[in-house]
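Which chain is which? They are A, B, C and D, in the order written, and residues in each are numbered from 1.
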Amino acid sequence: MTEVFQLHPEPDQYSFTFGGKEPILTVPPGSVIELSTEDCYGGQVRSVDDLPSVVCKFPFLNPVTGPIAVEGAEPGDILAVHLAEVRPRRDWAVSSTFPHFGALTTTHTTAMLHDALEERVWMYEIDAEAGTCRFSARNSDYVVDLPLDPFHGTIGVAPDAFERIVTVTPSFHGGNMDTPETRARATVYFPVFVDGAHLSLGDGHCRQGEGEVCGTAVEAAMATTIVVDLIKGSAPIATPRIEDDRFIMTTGSVRPLEDAFRLSQTELIRWTESLTGMDTLDAYQLVSQAGLAPAGNVVDTNYTMVAKLPKTVLDGASVWDDVHARLRRTGEEHLRGR
Amino acid sequence: MTEVFQLHPEPDQYSFTFGGKEPILTVPPGSVIELSTEDCYGGQVRSVDDLPSVVCKFPFLNPVTGPIAVEGAEPGDILAVHLAEVRPRRDWAVSSTFPHFGALTTTHTTAMLHDALEERVWMYEIDAEAGTCRFSARNSDYVVDLPLDPFHGTIGVAPDAFERIVTVTPSFHGGNMDTPETRARATVYFPVFVDGAHLSLGDGHCRQGEGEVCGTAVEAAMATTIVVDLIKGSAPIATPRIEDDRFIMTTGSVRPLEDAFRLSQTELIRWTESLTGMDTLDAYQLVSQAGLAPAGNVVDTNYTMVAKLPKTVLDGASVWDDVHARLRRTGEEHLRGR
Amino acid sequence: MTEVFQLHPEPDQYSFTFGGKEPILTVPPGSVIELSTEDCYGGQVRSVDDLPSVVCKFPFLNPVTGPIAVEGAEPGDILAVHLAEVRPRRDWAVSSTFPHFGALTTTHTTAMLHDALEERVWMYEIDAEAGTCRFSARNSDYVVDLPLDPFHGTIGVAPDAFERIVTVTPSFHGGNMDTPETRARATVYFPVFVDGAHLSLGDGHCRQGEGEVCGTAVEAAMATTIVVDLIKGSAPIATPRIEDDRFIMTTGSVRPLEDAFRLSQTELIRWTESLTGMDTLDAYQLVSQAGLAPAGNVVDTNYTMVAKLPKTVLDGASVWDDVHARLRRTGEEHLRGR
Amino acid sequence: MTEVFQLHPEPDQYSFTFGGKEPILTVPPGSVIELSTEDCYGGQVRSVDDLPSVVCKFPFLNPVTGPIAVEGAEPGDILAVHLAEVRPRRDWAVSSTFPHFGALTTTHTTAMLHDALEERVWMYEIDAEAGTCRFSARNSDYVVDLPLDPFHGTIGVAPDAFERIVTVTPSFHGGNMDTPETRARATVYFPVFVDGAHLSLGDGHCRQGEGEVCGTAVEAAMATTIVVDLIKGSAPIATPRIEDDRFIMTTGSVRPLEDAFRLSQTELIRWTESLTGMDTLDAYQLVSQAGLAPAGNVVDTNYTMVAKLPKTVLDGASVWDDVHARLRRTGEEHLRGR
């Protein structure tokens, strides 16, 4: 019998780091959790006149819901988080540029002598029925509906080595990877570094292009349903992995972007080896010809690249005893029964 | 009445640079050209025992067919090259590692103290009817059929500023971009730097993963049909662009990988501005939410990133008077009539 | 009257993060502190047979002495730390390679398919009288004396935004910058992010080449004397700065290395503006022609570049009321009187 | 008896590429050559009102004097070029920003959405007697004399593989390395790729900071005296090396900057191995503790890092039979006898 938990933080209960906080919920493996997240602006940007640099207070950016402790999780284990549903909580969402943030501007680290680009806010209309988010240009009357494709930009666990990492950073613990692959109906796998794993998530996106080039997505508060489970006894994983019905995926969240590519690809090759029994060079070859390599984000304090391999080339190999399929069923049953 | 040309080089007629060679064919805009290309190994690797470092002679790597002069092409123009058909000429293809080449090994530029990885060759069986290329592991009995998806890894024009660039390098002139997006039924647009443009192409790939992580694709000699045309009077383009039935695409071929991303995204934003009439920041926003950003190659002397925008968000904007659709029809009619 | 404090931690009193620890000493501005640090191996590597990967236990690497709270320090202030003396505590020091660490090897982030390079330890003989550290090759009889030039590879304050950062990482708070410029008789300036600043230091190096290419320096436990002071009312600084008798210096500790360069140069240009009254572009020009740009480290989780400007081009400008000269005198007087 | 040659090109005799030109002078090994070079602006910028983007015509930038063929030079040899004297030909020199060029601005490759920084020209007064170049700020009355330290920013040979490379690019053939280490009284060693080597040089700098952060140095036409020689029978070198009285140095001119660092360091380690007889890891260790790693340029189409090792740690090892000392003597004798 699947246990179902609710987690709907009060405004002052959000976290701004991975690590360094006591769990606000503890659940057994196999649980379903219905939870709420706030948008990356803490809900403070509600019109095109709400400039983030004015209405948001650093470092209170990118609130996450959690940490959620999973009973029995120990360092070396793998935490599986299935995103059964990610549903916008409002009929609007928001995006913006932000001074000194983004891939095509001087930033605090890519420091240059230019002034910051203009700070501008865009409001999107969300039509959950139609499955669209409507973009409206600010300086012309251009309007276009984009497909709704909700996911969490930020999802991760407490990091290793006593660290406490702000929620805007992605790294080996996950965090702000900002890849659209952590979308509804995917399962995300995390290395466990601390007892209980301490899962947190937030930064809901109604959709996002690959690379998140302006620095923000179509940001929204979300009503999300997840199913969590533990994988014990497997070889540890170095960085978060993702699985959906069609692909296995690995992530690399480091700088420079070459290294994010290298890390994600190396992880995918190692995974392919273990799933197919091939040696390293044969797996290298197969990934070279069959893999995909989209950018996640090229804007955050670490960059994220994703490496994807279609399951069709894996000859029916079972990934951790088909945990994805199992959690997907659990999620669907829960949503149907709701 | 479309003119049709044949270009089937003798072994000693291939080129190894972009720039610095006299045209071996001159055609008017609008022409169809049926041509042959050799594989990147010059056809010297024919079994798993033919190690490239032994059978290939540097710098005679990656032969291209061309240059083809297009009458009337002048610096500042845009050359459109529609790839009507890219068909493997043999029932086998080949891939390999190569010492000091690839994304996950010490190289001549990412110089480290490791010895080179093992050099290994893989032979693929090509089944054009079934549309597959069969991968066989070397050190186990793992076999899997991958979809045939042929394209030219190397396609470009003579570069600017009197340069002569080896065919293994991608840059502003195109060249060895190694992105699967330059596939059959796509149109590639190049900036013209010299009178006649001087198009060359080669390095046929039966398929390739994004990033080309091991350094080579499923390499094959190709029988290819292209349609060429000129776009005059448009604003010049900085780097090659690609269009297919679903996407407009831009490329950035520089190092580091961040800059390849930045360059491709900037070009896509500029293109979106001109197609939609939006201002820069509005186009930045739309691309941020609707764009795709796959790696082309992360192994060559420059890296290539691709930025893609679905035409569905362009509100029916016409790209250079629908040249892609027109060349696509010309190509189809030619192939049907053959 | 200068107050003098002693800080000699017990083995279990060392810290392994910046941030997240209570101060173990609190001092007023202007104080002299005599302190002890352990080497980056925690003193566990004592012969060429003590392989770090065996005798050291992750994450208990790179212990630091601190945090030291400075009374009255508030966010936005600048903490000045003069290194009056850095003296090796033993007549030997040690260096090593470390698996998956260093600039010329596959690492956890520059992930490749190579096996790790050989792990090897070198013992150095320290002759404080002669001012030398003696290098002895392991696989030949090559021996050479190198000048002793002691400094702290790791020195920094508690970071911003509730973060807790492991001591092997350099960033905006300082930390493991691994630049020989933080040597004896230099003054290091840090941005203050938390009340009390929370200074920690360790990772003594008898000397180090620029870039620290193999990943470790001539590592030694140190007996160090510092003088600390506060600068209030100045514009905040973004990253640590350094001053010695001849140069003003800025640091950038980020990835990629280009950005470390950009950040350090931007900071130096901004500092030059404020010291000379020139506008930004004039300062850009002067730094371009008169500046130095040595690598600090190209091995740590962030890379460090240093930007240096000789004081001779500053027309006698006073840096924060000559705090460096003042602290230098305080340090000398204290050492003479000891 | 040393032969002495004169090479003073007419305005239309300058080259703008390495490779692809016939020699304009052929000399035997051991020759002294007195030659003239023009500044990187082709002498067109003569006042603060001469904006380079207006008065210079792309691609006629950075003219070099050459190619000079050295009799008997064959691929695999090493060309030694001693810079006996580098003397400014005028009593003024010039520097500037240039739109979309420099380390702290959006460029054609680090493409961003900012407008270009202001284009500004600075005129320097050269006092050869006093050994100074006088900087005068443009927007204030700040004036300071900087030491004259003349060198050639661009010096190299014809590249490999039939390439023709513009003079603004540094690479394995040398070219626009823009490191102050190629200064008067240093010897520069180049790999030889074509018969005759085809040496060219230009881009004289009265001085330059490390990194050349704004993109240009104190640019001047030079009267230069070089001595050239061949080293045959040695193992080939991968990239240019430099030697002066105190240091051996290697260069890496690639992107990203990490790779320029890696390449220069790897070359220095390999050189140290061959000079000391140590194995690779022992040489890695010695370079790690004794080496210097200044930036050359972080602005050109490739970046240049330099790796330096003091000769004092080489135990008196002879570098190619002390060719540097020999050429230095030849140069001094020639200058004295003039």
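Basically, a residue touches a chain if its C-beta (ideal position, glycine included) is under 8 Å from a C-beta of that chain, and two chains touch if they have at least 3 such contacts.
The UniProt protein names, listed by chain, are A, B, C, D = Acetamidase/formamidase family protein.
Just so it is clear, the model here is predicted, and its values are computed rather than measured.
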item: Selected from B-D, C-D or A-D, interface repeating B-C by over half of its contact pairs; value: A-D
item: Reference subunit D; chain at largest CA-centroid distance; value: A
item: Chain pair, A-B or A-D, that carries the greater number of C-beta contacts; value: A-B
item: Cα-centroid distance, subunit A relative to subunit B, in whole angstrom; value: 33
item: Centroid distance [mean C-alpha coordinates] between subunit C and subunit A, Å; value: 35
item: Whole-Å separation of chain centres (CA-atom averages), subunit A against subunit D; value: 48
item: Overlap residues in subunit B, where contacts from two or more other chains coincide; value: 104, 111-113, 117, 256, 258, 262, 265-266, 269, 281, 284
item: Touching residues (chain side subunit C, partner subunit D) in the complex; value: 95, 97, 103-104, 117-118, 120, 122, 133, 135, 137-140, 142, 144, 146, 207-218, 256-258, 261-262, 265-266, 269, 276-279, 281-282, 284-295, 298, 303, 305, 307, 313, 315
item: Parts of subunit C lying in touch with subunit B, wherever the complex brings them together; value: 104-106, 111-115, 117, 256, 258
item: In the complex with subunit C, residue positions of subunit A that touch it; value: 16-17, 19-20, 58-59, 108-113, 160-166, 238, 252, 254-256, 259, 262-263, 265-267, 269, 280-281, 284
